[in-house]
Amino acid sequence: GSSNSGGGPAGAPKKGGTVHILTLGEQIAHLDPQRNYTGTDMAFAVSTMHRTLTSYKYAGGDEGSEITADLATDTGTVTNEGKTWAFTLAGGGTFEDGSPITCADVAYGVSRTFATDIITDGPSYAMSYIDVADYPGPYKATADQQAAFDKAVNCVDQTVTFNLKVPVADFNYTTTLTAFSPVPKALDTGENYDMKPVSSGPYKIESYEIGKSLVLVRNDKWDQASDPLRHAYADSIVYEFGLDASVIDERMIKDAGDDQFAVSEGIQPENLQTIFEDDAFKNRRVDYLDPFVTYTNVNVKSVPCLDVRKAVYLALDRDALRKAGGGPYTGDYADGFIKPALAADYAKSKMLEGLNEDGTPNVEAAKAAMEAAKTSCPEVAQHAADGLVYPYPDTPVWAKAIAIWIESQAKAGITIKGEAVEASKYWPTVMAPDAVYDLARGGWAPDWLNASTVIPELFATSGGFNLTHNDADPDYAEFQTAVDAAKVNLDRAAQGKQWQELNQFVVDRLWALPGTFVKAQSIWGSKVGNAYQWGPYGSFNFGELSINS
Amino acid sequence: MSTFAELDHDDVVIATEIVGKSPRELAWMRFRKDKVAMFAVAVIATYVVVALFAPVICALLGISPTRLDGAALNDYGLPNGPFGNISFEHLLGVEPGTGRDILARLLYGARVSLMVGFIATFLTTTIGVVLGVVAGYKRGRIDAVISRMTDLTLAFPSFLLIIALTRPFTQRLEAIGVPEGNPARLTYIVLVLSLFGWVYVARVVRGQTLSLREREFVEAARSCGASNSHIIFKELLPNLWAPVIVIVSLSLPGYVSTEATLSFLGLGMIAPAASWGVMLGDSVKYYRSDPTYLFIPGIALIVLVLAFNIVGDAVRDALDPKGDRQNLL
Amino acid sequence: MRNHDSEPVLSVQNLQVSFTTDDGVVRAVDGVSFDVYAGETVCIVGESGSGKSVMAGSILRLNNSSTATTTGKILLGGVDVLSADESVVRGLRGSEVAMIFQDPMSALNPYYTVGDQIAEAYLVHHPEVSKKDARQVVLQMMIKVGIPSPEKRIDEYPHQFSGGMRQRIVIAIALINSPRLLIADEPTTALDVTVQAQILDLMMDLQKEFGMTILLITHDLGVVAEVAQDVIVMYAGRIVEQSDVEAIFHAPTHPYAWGLLGSVSSYGASKRGDLFTISGSPPSLISLPEGCAFHPRCVHSLGSGSRCQSEKPVLRPVGNNGSRSACHLADEVLVSIGTGTGAR
Amino acid sequence: MLLFIIRRLFFAIVLLIAVSVFTYFLFALLPTDPAALSCGIHCKPETIAANRIRLGYDKSIFEQYWLFLKGIFVGRDYGIGTAAFTCPAPSLGYSFNQHACVTSLIGETFPVTAYLSIGAFILWMMIGIGVGAIAALNKGKWQDRLATAFASVGVSLPTFYFGLLALFSIVIWFQILPFPSYESPLDNFPAFITAMILPWLVLAIISAASYTRLTRNGMLEAMNEDFVRLGVAKGLRLRVILRRYVMRQALIPIVTIAGLDFAGLLGGAIITESVFSLPGMGRMSIRAVVDSDLPVLVGTTMIAAVFIVLANVIVDIAYGFLDPRVRVS
Amino acid sequence: MNSDIALQAINLVKYFPTGSSGLLGRPDKSVKAVDGVSLTLRKGATLGIVGESGCGKSTLARVLTRLIEPTSGQVILNGADITHTSGKELRDVRQQMQMIFQDPVSSLNPRHSIGQIIGMPFTVQGQFDKEATPVRVRELMKLVGLNPEHFNRYPHEFSGGQRQRIGIARALALNPSVVIADEPVSALDVSVRAQILNLLEGLQAELNLSLVFIAHDLSVVRHIADEVAVMYLGKIVERGPAATVYTHPAHPYTKALLSAVPIQDPSSRGGAGRIRLQGDVPSPIDPPSGCRFRTRCWKAEALCEEQEPLLTDDGSGRLVACHFPEETPVAIGNRAQ
């Protein structure tokens, strides 16, 4: 359970002031709603600039994970056995130029997702769900293609209807993504929309300089009455980019000047002791479970031997890894890939026998497993002894982690060949179809509170983040069938059960080795109010931050 | 007149009063008098020896640069004891996060840092001296070509290029058979440092050669029928050691420092290998929670670089004592 | 020696200059005393390294290096230069006493026009004069030292001048304040003979015009013969002989002076007349031979165990023409030369 | 003189073209595929192909270079269909990562780098020459030793280490300055100064070192010049001699090197900008390296080269003004 | 070809390109360092060449020794044209003809011991022999009056005169028949100068060398030369038997040069009839038209500007390039040779 607390002294948040966000990033990955697909950035964009059809409640704790209407009047109507979803706009919303938000703007926004040659990096749900073929996006579409799209996503008055290829039980969760935000066609600048998207929320961009700052000011065309969710306490929000991680922590600890009005995006492991051992920070720090689960993918194709996978898992010094990340603050040892926060889908799974609960390696058991492997699959065992290729992002943190891997696996007679990959190019590199590896790290947060955004994504061949090559496993067919069944099950409780079983199915086969249910820590300035962690995104609800004078 | 051969027996008497010493010996004599410089030499020698025998020393002390010591860390992953857990077991404490022994990592790191420094210096010096001498001596077209190469090399923002090309070129190197990982990276660093570094050596050497070649002993050698290679290698080169030694001693620390910077940027050595750069880059984060760690690699580097600088200055003074003649002010 | 009624312009008394070096103490000037009287031209001759320049430099305290030790007295118009305040010495430099150095190529500041440099020397001792007036003075001076079209050349830089012309500029700098004493340290050695002749003539003309006293350092005896009244011969940091010019050329009292004269060829002599040589080379100033520093090269040396090898000769009057000599055997040498048996 | 300048400029342009060719081909032939990198986690072969077209890497390298060159003079079009747009001349390309024309990106970041460079340059010249002069005037005394040590320590510290150390100690331990946070001097001058003073100092101290050395040696050499002796013999004051005779000569080599160093800085003080979070060109270029943002990389490299080459020309011309001997009549 | 002639130069010209123009900075002017010089050196004789600084003496020496290629003209050594030899042949030429240099400091490699320096000719000629070479070097050292025990010493340990002896020993190493000495005593002290002059003279007699002796000071050449050539601005203005030239110079320049040398006799001070030349030597880049000396010549007339005087025999075995030479007394002309 997460200890999610609201920040600052009690009492209703006040209006006014400037909130600062300190970050080491050089820019917001994407401000273009259709390209925005990272937790923090979505929390930021949704709460300040990009209203969506549906959203999560603006609250901390479990309540924050509840779906609610935003632009729409309700959380959507589903018909046609889950294949048709309709949302009616509540009306009254306006863009920053004063023009009203219409159904056409929503449809246009969605259509942009399809222009993959410009609109990169965004989620692909629209493309996989919406029932249209060969649509190249609005920029290049011929009239026919556009007409086909308009049929799939059609507007009648202020009601937008999505016609889907497959039944999607929780499509209204999908629409919480900014990819379903409206974009006024007349103001679309394509490639450059990323730098200055048109706001539909309470704030708009005053200036944006990559590597320096993003300044949001109040959008005077925004009407509180039309927006049931947002409060927009602060007068302006300033994102400060490109700061050194240590410097951010230091500024937060020092809490001087404008930094009293600042929040940062996490605490470096080396400073956790300072912040969590000192009561001076009691009211402006939080330690919470964020949506992420970390794990290690095993390439089932190149390590087609359960004994070897077991040996690796048993030999792994998870305790050392956790310490390197800040001890218990790194997170809890995971027992699978579904976090307890996904209450409907989570059940404690039965872990590998011999795995120490305290995270220390069980060298004896690992050696035994290796011995067993030498008879059950001698070639794979030899491969493990020769060296398992493990690409990792070339960062200081990972430099230590890989050292721990190498050192702890060596004790069981397993060699790890670390391969440093430039951090920014890590994912494209390991996800390339021809990438060579035996082990690969993974970390996943569900897109919404349904393991349908976890198990199929991570372990089905169609999943966007399957690094396990598990189709080489003879059991894969069985798994696939079960996943397909679970996906279209409209009975949420029964579906949850199916996910639980599938989770156990993967844990048993060790297609991936569960790591931790990640915990995160945050600190905010002493004058910042309303600093709660927003569950679905695992970050502050930036738009709701307030300033206590 | 008596025969001319007899003329000068008095000369002989006088000349014997001068002690027979080669210029090199004289320089060495002067150098030896500089206590600080001798100490610096001792420091460098210690570094080299310690780096060479790192495995032996670690074995003797029972430490290892890779062994994890979770017991030396607290729950936050920070060293348990005061001063970064300096103890008998870990003479310089342990690395936060992993508990690896800092002394052992420092010793092994010295190998990388010194290797980069020495090899890069060797390469730059060799290339620079050869091209510089040839350009200065041959003049004409060869000089023009080398000078244009120099101009072109200098026109590039070298550090940016070094950074930008690290990954792709390491991959290229791996593709052509350099062992993956650190060997490839080391090769790259050394090569790229040499690629941009030779220019400075070549410029100095060319300038020196230009003035040397006007000296009559070069002409004398030619008038005896000496080949170009004889003149370059036997006549000119011995006279270039002085400036070259000075450049070497001043550029070597620069290379060590650049390696450190690349490592800091995550372009240096790959885990679990240690290099001072990796350690420096890592240690700066701990200035609050483990300041001891912060200072250890920093001091190690500064002492080395300082030693080289002192030696470089002293060598120059020893080789060129005329700098002492300050007549007026 | 001529009689001098007046006070000497320059009186050097027991001057010693030594430099501490890595290899030992260099006794560049080792107890030198002499007087220079108004209107005279005194030449100092001696081999390279015999301490001429160092001695000359001391007169204006130019050897202020941290490694130099200077003792003795140098009286310039009643002021002891060696103990005087820096400001007093600065007042003397360039106004009372001016210097010309050997190498005109490097003696001029390459970064300023020659006009500026001459004017600078004038203005520093005439702060009340305006730049414009100073320029007029400089032009006058340039005409005096024989620089053609000075209006044009005044604004040129030293590198645009030939060696002879540069030396003229240096002379202009030296003379612009009409100094009482001009110290010229080998002013013509770096020049060609034809130019050397021009410069010497110029200096002598100017001496007449300004009534200066000149202390001329040279190692060219021809030059001495042309201009000197009094001659000082230095060897290894000491004065070995001081005589008037006639005496030096006709009756040298020191074997070194004698050898120096004999070893120089003059084009009047005929071919294949073997030159007399002083064998060997000058001693190291760090470890001078015991006794007379010249004895290892001296044809008259009395051999081992003699005074020549054990006792430092002092400079003393010899003969009857006012010469002073620092040779134990001065009188004998004089006689032998007189009879012409000294030459081998 | 005019002909000389024209000739130098002509060579500069030739050199720049060579640099542009080298840079362009070097980066373009790298094995990394920017198209594959631009779509992150969700790369599918079709997306990569589409991206390649979007980024313009589908064209041949020669065509790309031609477009690049043409862009400099007439601007360049990007995008497709209704989403097309233009980067006006002089266009150095378009950054798909930063969604901006490279020229305007450089226009935004360059002032920061320029302020940083100019301030640091002034400071380091003052410190370097001042300390060097003190050393020269006190040769062999403790002041000299101290200055030499300063010079050695200065060059021996890697910028990132010294920078962070300075930042932590001055801002955190001694709390003398607030955390630097860049503001344009036109908006908030005091904030600008407080943000810049530390990076200025750090760069200054690191770079001043070699100037201390140069000044010291240059002055000592100058003091041995005959013309300085003549200056003393003229009766000039020490101050005048130092200024007009000694410094004037010692400064000439310094000007040469300072010009090039300054140009090097203008090309991006990469590490300093990163450590102090200054939104300058250096940090932008390192970001471009990380993102494989080739247009920005090529652009910044070119700009840096322009500065270096230009500085060379200016230094050459300045040389003529400083040293009348070099002046071409 | 006269077998009595050791070295002959025929109309030698050496121009050094200089200056710059155009975008590419190609040289557009040239220094006319040697401009049509013809010489003959008889076997066993000494030819003195005098002239002021920059008149082209060293350039001439370097062209003669083939250290640089002449722009035009011919060099003939012992009957063979060596103007364009190269490779092996050139190396043989180097054996026959050697050079002694002006500066005793810069002509010896400070990093080499005396043994190495004097042995260098053997090394570069490929005649180095572990046994024989050191013996020969010691012989040479003795020959020039150096202590053979100093074999392993370095140049900086020797005085100027001794260094010049080292240079001479090196020049003699390969037993050359012709030696060209480029101002070998100019940098030496008066007292040492005489030693070297005597040494050279003695060696020449003993080894039957043919010697070209270059100096800028007529009085030095006087003692050693049989014949004297006077150079002015790249050209020879007067050439002839030493006795004739010294006692009865025909060219005004020679006359001026002689009279400029200070006479070592205080009694003849301020003597009448002394010629003082005005001004400096003009630039060799664009020398005066006609007679090059006319700008400084007190006899110059319009003819001198228009027409270049040719080097012509005035009947006494001496050649002079002047439109208005001094008269040569016939008696003296006959006395020579």
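Note that the chains are named A, B, C, D and E in the order they appear, and that numbering of residues resets to 1 at the start of each chain.
Here, a contact is a pair of C-beta atoms (placed from the backbone, for glycine too) under 8 Å apart; a residue touches a chain by one contact, two chains touch by 3 or more.
Nothing here was measured: the structure is a model prediction, and the numbers come from that model.
Participant: Hey, how far apart are chain A and chain E in touch steps, shortest way?
Facilitator: Step count on the best path from chain A to chain E: 2.
Participant: Which chains are shared contacts of chain A and chain D?
Facilitator: Chains in contact with chain A as well as chain D: B.
Participant: Give the label of the chain whose average Cα location is farthest from that of chain C.
Facilitator: Checked the centroid distances; the maximum from chain C is A.
Participant: How far is the middle of chain C from the middle of chain D, if each middle is the mean of its Cα atoms, in Å?
Facilitator: Taking the mean C-alpha position of each chain, the two centres sit 55 Å apart.
Participant: Using CA atom averages as chain centres, what separation in Å is found between chain B and chain C?
Facilitator: Here chain B and chain C have centroids separated by 50 Å.
Participant: Taking each chain's centre as the mean of its CA atoms, how far is chain A from chain B in angstrom?
Facilitator: 48
Participant: Going through chain E residue by residue, note those that touch at least 2 other chains and give them in order.
Facilitator: 159, 161-162, 195, 198, in rising order.
Participant: Two or more other chains touching the same residue: where does that happen in chain A?
Facilitator: 246, 250, 422-423, 425
Participant: Enumerate the residues of chain D that touch no fewer than two other chains.
Facilitator: 32, 139, 164, 168, 172, 229, 232
Participant: Please output the residues of chain A touching chain B within their complex, sorted ascending.
Facilitator: Listed in rising order, the residues are 245-246, 250, 268-274, 317, 319-320, 323-329, 394-396, 398-400, 402-404, 406-408, 418-420, 422-423, 425.
Participant: Using the touch definition up top, name the residues of chain C that touch chain E in the complex.
Facilitator: 47-48, 148, 162-165, 192-198, 200-201, 219-228, 245-246, 249, 259-261, 263-279, 281-282
Participant: Name, in rising order, each residue of chain B that touches chain E in their complex.
Facilitator: 1, 3-8, 11-12, 14-16, 18, 20-24, 26, 215-217, 219-227, 230, 234-235, 238-239
Participant: Going by the contact rule set out above, which residues of chain E touch chain B in the complex?
Facilitator: Spelled out, the residues of chain E in touch with chain B are 62, 65, 67, 90-91, 94-95, 98-99, 101-103, 106-113, 117, 120-121, 123-125, 142-147, 149-150, 152-154, 156-159, 161-162, 167, 170, 173-174, 195, 198-199, 202-203.
Participant: For chain B, which residues count as touching chain D in their complex?
Facilitator: On the chain B side, the touching residues are 151-152, 154-157, 159-161, 163-165, 167-168, 171-172, 175, 250, 253-254, 257-258, 260-261, 264-265, 277, 280-281, 284, 287-288, 294, 298, 301-302, 304-306, 309-310, 313, 322-323, 325-329.
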